[in-house]
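Next, two complexes with chain A in common: one pairs it with chain B, the other with chain C.
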Partner chain A sequence: MKRIFEKFIESLLTLSGATTGIIILLIVIFLFREGAGFFRHSEIESGYVLCVNEENPVYRLTPKQIKEIFDYEIDNWSLVGGNDEEITPFRISDISDYYSDEELGENNEFLPEKLGEIIAATPGMVAFIPEQYAADTNERVRQLITEKLNPADFFGGDTWMPTATPAPQFGLLPLLLGTLWVGLCAILIALPLGLGVAIYLGELADEKIRNLLKPTIELLAGIPSVVYGFFGLVVVVPFIQKTFDLPVGETAFAGSLILAIMALPTIITVAEDAIRNTPQAMREASLGLGANHWQTIYRVVVPYSISGISAAVVLGIGRAVGETMAVLMVTGNAAVIPHSLFEPVRTIPATVAAELGEAPHGGAHYGALFVLGCILFLITVVISVTAEVISKKQPQA
Partner chain B sequence: MNSHLLKQNIAFAIFRILGLMVVSILFWILGFIIYQGAGVISWEFLTSAPSNGMTSGGIFPAIVGTLYLIVGSSVVAFPVGILSAIYTSEYAGNGNIVKFIRIMTNNLAGIPSIVFGLFGMSLFVNTLGFGDSILAGSLTLGMLALPLVIRTTEEALKAIPDTFRTGSLALGASKLQTVHRIILPMAFPNIITGLILSIGRISGETAPILFTVAAYFLPQLPHSIYDQVMALPYHLYVIAVSGTDLEATRPMAYGTALVLIVIVLIINISASYLRKKLQKRHA
Partner chain C sequence: MKQLFFIAAILISGLVAVQAQKIKGSDTCLPLSQKEAEDYMNANPSATVTVTGGGSGVGISALIEGTTDIAQSSRKIKFEEKQKIKDAGNVLKEVVVAYDALAIVVNPDNQVTKLTREQLEGIFTGKITNWKEVGGADLKIVPYSRETSSGTYEFFKESVLKNKNYKSGIMSMPATGAIVQSVGQTKGAIGYIGLAYLSKDVKAIHVSYDKGKTFTAPSVKSAKDGSYPIVRELYYYYITKKEKQVRPFIDYVLSTKGQKTVSEIGFIPN
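Up next, the complex of A and B:
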């Protein structure tokens, strides 16, 4: 009886041991399943088609071309491989310019037929109309071929406009670059600061100061990110706007500053651990050879603990790349490719947080946000593994 | 003074200034929030619901919501986390399984909180059909807290010297008896400290609850675990960025930030106080 009980408890423990693995597996399955859904959606809004006059030699338009046509940026078919003819974009709401409500019938029963007439009469027209109407137009109307959203457009696209009609733009580049700009700049600020404090704590500070500073830094790590974001919003953002005389203070730089403060505790703690792990014998040998304390630090201690310090940097980057709320609140959230640090940017996590609430469940936009989640997930896994590998190289004291 | 000494003095001065800077950043942030928020805090602010489009009233539903989420995610994370840590440190030995579990735990700890939010929304809210609810939010937050619970518990268990294990086994106790009667009671103080710290972490998280539980405005308190709740971090976020009249909601935001910080600080400080006190007793 007792044996069976012990066996039961042991298997329960084993099962719990597997939990983290199972959770990661579940995360992978659900993120990638929802993300894969994205690539099953059509390039244009579902339930709609693009129709042209059958004499038009163009059979296919890319999502980017469609967007530019409907934004009146491309106005001639010759620019997209057709005849030299003006493009007339047509949305279903434009029908009132052509026919009155009476002519369309009480329940719009004549609408498809009239649509057909308009398209047949206008050789340069491209019409964005519901699928059910397109079938009942006439033989002089041809539907453009639309393909599924493809990874090349997603990963290479330079426009992120997920709610644009007729063709939403899902281009990763602005978000990816925004994330990298903000993250890397944050590390550039945090690294010298964090390393300096780590050396101070590990080598210089006496026990009393250390016992005071360490908990303080832990407290810094404990402050919720949304509070950092709020602080950034009410203090850092106006400060940056005034100092650099900018139209808006919500910039990549504001995000970097806040992220740097948030990454500091991680960098300091990990780097300090590495520094303190340097064997006392090495320090004493260096001092015994006549080197002073500072020379010992930068010639012996820092090189010795370099892998631990690198791990600190990598973990700091991980913290910075994945941080959501603080960045969302201070970077201004403009999904455009940044040209300087003093422009609004939008990062990958901020995009997910800002848009998931409005993206209809199961739609292309919803799927795209999960693809972003997958990318974040992969980035952090790479970072965790890198940090692990680097810190393994640290010679053990 | 020779140039080496000069260099050393300059370098050390810089390090001291940097150390001072980091501390002053912390006190600047804390001081600012306390200074701005202190005037807002009143009995009414803590015990009434928001009113007039978040420009007056209080944050009572958000405080209660955060407490519910803390309790809910603790129920999820604590048992599993502690059992998992007992397995890896006492049972699994030193083989590849432990290495694998440790890598998985580290990875889980490194995953950004917004990814947990996405995952929670996909699995709990949509696939399992819990909807936006305390249940979905607690499960999501619980998963986020899990690696933290495992790590701290494992450290607590590792701190017990092996002589106690071998001694107990030599007296004829079984492995389970050793863990139950010797190891766990000894590690208990440190385990509790770790658990409190993970509560501190959970209470401030915003991104995982955005799409799994948080409500913008909900004056009544939840009736079941299938209800939505307001939560302090989310409340601070929405009134800080999306109010119709930002000037009028600012004081509310300062007050909310202060309450949130105070809760988190109390949790963290009590954890380190507990650790110190209990360590002394053991030493």
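Up next, the complex of A and C:
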């Protein structure tokens, strides 16, 4: 009877292990499947086409050119390989400037015809119109060629404007560099502080202080990240703005500071464990040879626990790179490639959190956010594997 | 027994469907619809009104699919959305339940008090970068925007920027409250917020849409009489097939009592 019970418990434990594994696998598969859909979307908003006059020699515009044309930044066809002619961008809502509602018919039945007339009459026009109307326009109207979203544009692009019409701009670089930049700076701030606290706790502090300090630090890890965000927005941001006399306080530096505080518990806990794992015999040997306490720490204890300390650093970076809410609130979320610490940046997790809610399900924007998720996942996998490899490395005694 | 239960369930849900209605859509309209629904249900205990958010686009696509009875929207229905309803053989009805004015705000220390639409467009598209270009101090302009997903972002883009894109790398804040906070503590800041969010931490700018002839400050009064230009309608959309079911509630919202709630929430009554 007892044996059966034990067997049952054993199989239950195996099952829960297997379930966890399968769930993780499913999440990863889901993430990458949704992300892969992104590159099947067209460069311009789905359901729409761009039409030009038949006499226009331009056959194709890149997404960037389309955006600049509709922002009136490119105003002549010669700048995009056409004739020397002024560009007239046209959106379907502009139709009311040309025809009244009566002329278009009660159910817009004359709309395609009228659209055709407008485009045929204006040689420099590029019209952004629904696909269903483009089919019945006249033969003097030609559709521009549009291609599928290009991975090179995505991975090398420097503009992130996912809701721009007609051509959304999906450029990864500002987001990726913003994420790494903030994460890296956070760790540069957190490392000296964290290491200092770890050494103090592991080597210098007496038992009483240690028993008080360690749970307090671990409590830091339990504070919800929105609270860190609030603190950052109301305290850190104005402080940075005043101290450095900046036009804006929401900067990469504010994000790094908050992330550094958030990464501290991870770094301190892991590094302190590593330091305390140094065999007592090694310390005593060092002291026995006449080295003082300080010499023992930096010649024996730190070198011995260096793999554990490195693992702490890598895990801290992982924590910083994946953090969402606090960063969303303090970095200003401007999608620009960072040049200094005192500029707003936008990180990958903040972008996904802010935009996924309203991105049309299954659309290009939705897919792009999943690709961002995949990239974030790959970054953290690399970080975790590195931490694992480093901490497995046996110290040379 | 099971069958009986099943039939009863169908009957009950059928009964409920007559009196119940679902409202879905814009988060801007959410507090208003919730309050109206609450008051309406207190007055008519037999009625059930369920209100959910999700965004204007979500509400309208639910209306197209028939999963909601009323779509609340902070923007006018789009051309292609209207077309989809027409294609399904339905007739759309549009009701303006309230108005919402967008105030342009700057830091209280800023000397600039008025801007034209063209200047605002220049500022938010990145052509104008220093306050001295629009009559202020020699100070960098820091424009704050909402996140791309918000209906306010879209409305501002249509009305003020004339559909041009915001400058690349504009600061985007996750909520209106965050814009008030940031504009209040940043000297060169400028942002846009709903009229209800105006406070002493920020200063509202007088705006001109006629190239500088008349400048108007945002207020409930100026928005109501049409002299303040940046005003958007808040809509309820429904299809005429469900007229009988939804009309009593909409009539309640448009009644004097319902419109009083509109002012209490911070919007401008009809």
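We adopt the following convention: the second predicted complex is superposed on the first by the 380 of 397 C-alpha atoms of A that agree within 3 Å, B and C clash if a C-alpha of one lies under 4 Å from a C-alpha of the other, contacts with A are read in each partner's own complex, and residues count from 1 in each chain.
In this section, contacts are C-beta pairs under 8 Å (C-beta built on N, C-alpha and C of every residue); 3 or more make two chains touch, one makes a residue touch a chain.
Quick caveat: nothing in here was measured; it's all calculated off a predicted structure.
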Is A:Thr19 contacted by the first partner chain B, the second partner chain C, both or neither?
first
Who does A:Leu378 touch here: chain B (first), chain C (second), both, or neither?
neither
For A:Leu233, using the defined touch cut-off, is the partner it touches chain B, chain C, both, or neither? Pick first, second, both or neither.
both
Chain B versus chain C as contact partner of A:Pro349, first or second or both or neither
first
Partner chain(s) touched by A:Gly47 [first = chain B, second = chain C, both, neither]:
second
In the overlaid three-chain picture, which partner chain does A:Lys67 touch, first (chain B) or second (chain C), both, or neither?
second
Would you sort A:Met329 into first (chain B), second (chain C), both or neither based on which partner it touches?
both
Chain B versus chain C, judged by how many residues of chain A each one touches
B
Go through the superposed model and pick first if A:Leu188 touches only chain B, second if only chain C, both, or neither.
neither
Based on the superposed arrangement, let me know which partner A:Leu289 touches: chain B (first), chain C (second), both, or neither?
neither
In the superposed view, which residues of chain A touch chain B and also chain C?
233-234, 329, 357
Counting only contacts in the complex, chain A reaches chain C at residues 47, 67, 70-72, 91-93, 107-108, 130, 132, 159-165, 174, 233-234, 237-238, 241, 247-250, 328-329, 332-336, 344, 346, 354-355, 357-360
Given the complex, residues on chain C that touch chain A span 55, 57-58, 79-80, 83, 86, 125, 139-140, 142, 147-150, 153-154, 163-166, 168-174, 178, 181-182, 185-189
Where on chain B is chain A touching in the complex?
4-5, 7-8, 11-12, 14-16, 18-19, 21-23, 25-26, 29, 32-33, 80, 83-84, 86-88, 91-92, 97, 100-101, 103-119, 121-123, 126-127, 143, 146-147, 150, 174-176, 200-201, 203-207, 210-211, 233-234, 236-237, 240-241, 250, 253, 257, 260-261, 264-265, 268-269, 272
Chain A residues within the chain B interface of the complex
6, 9-10, 12-14, 16-21, 23-24, 26-27, 30-31, 33-34, 192-193, 196-197, 199-201, 204-205, 209, 213, 215-220, 222-231, 233-235, 261, 264, 268, 292-295, 297-298, 315, 318, 321-325, 329, 349, 352-353, 356-357, 361, 369-370, 373, 376-377, 380-381, 383-385, 388
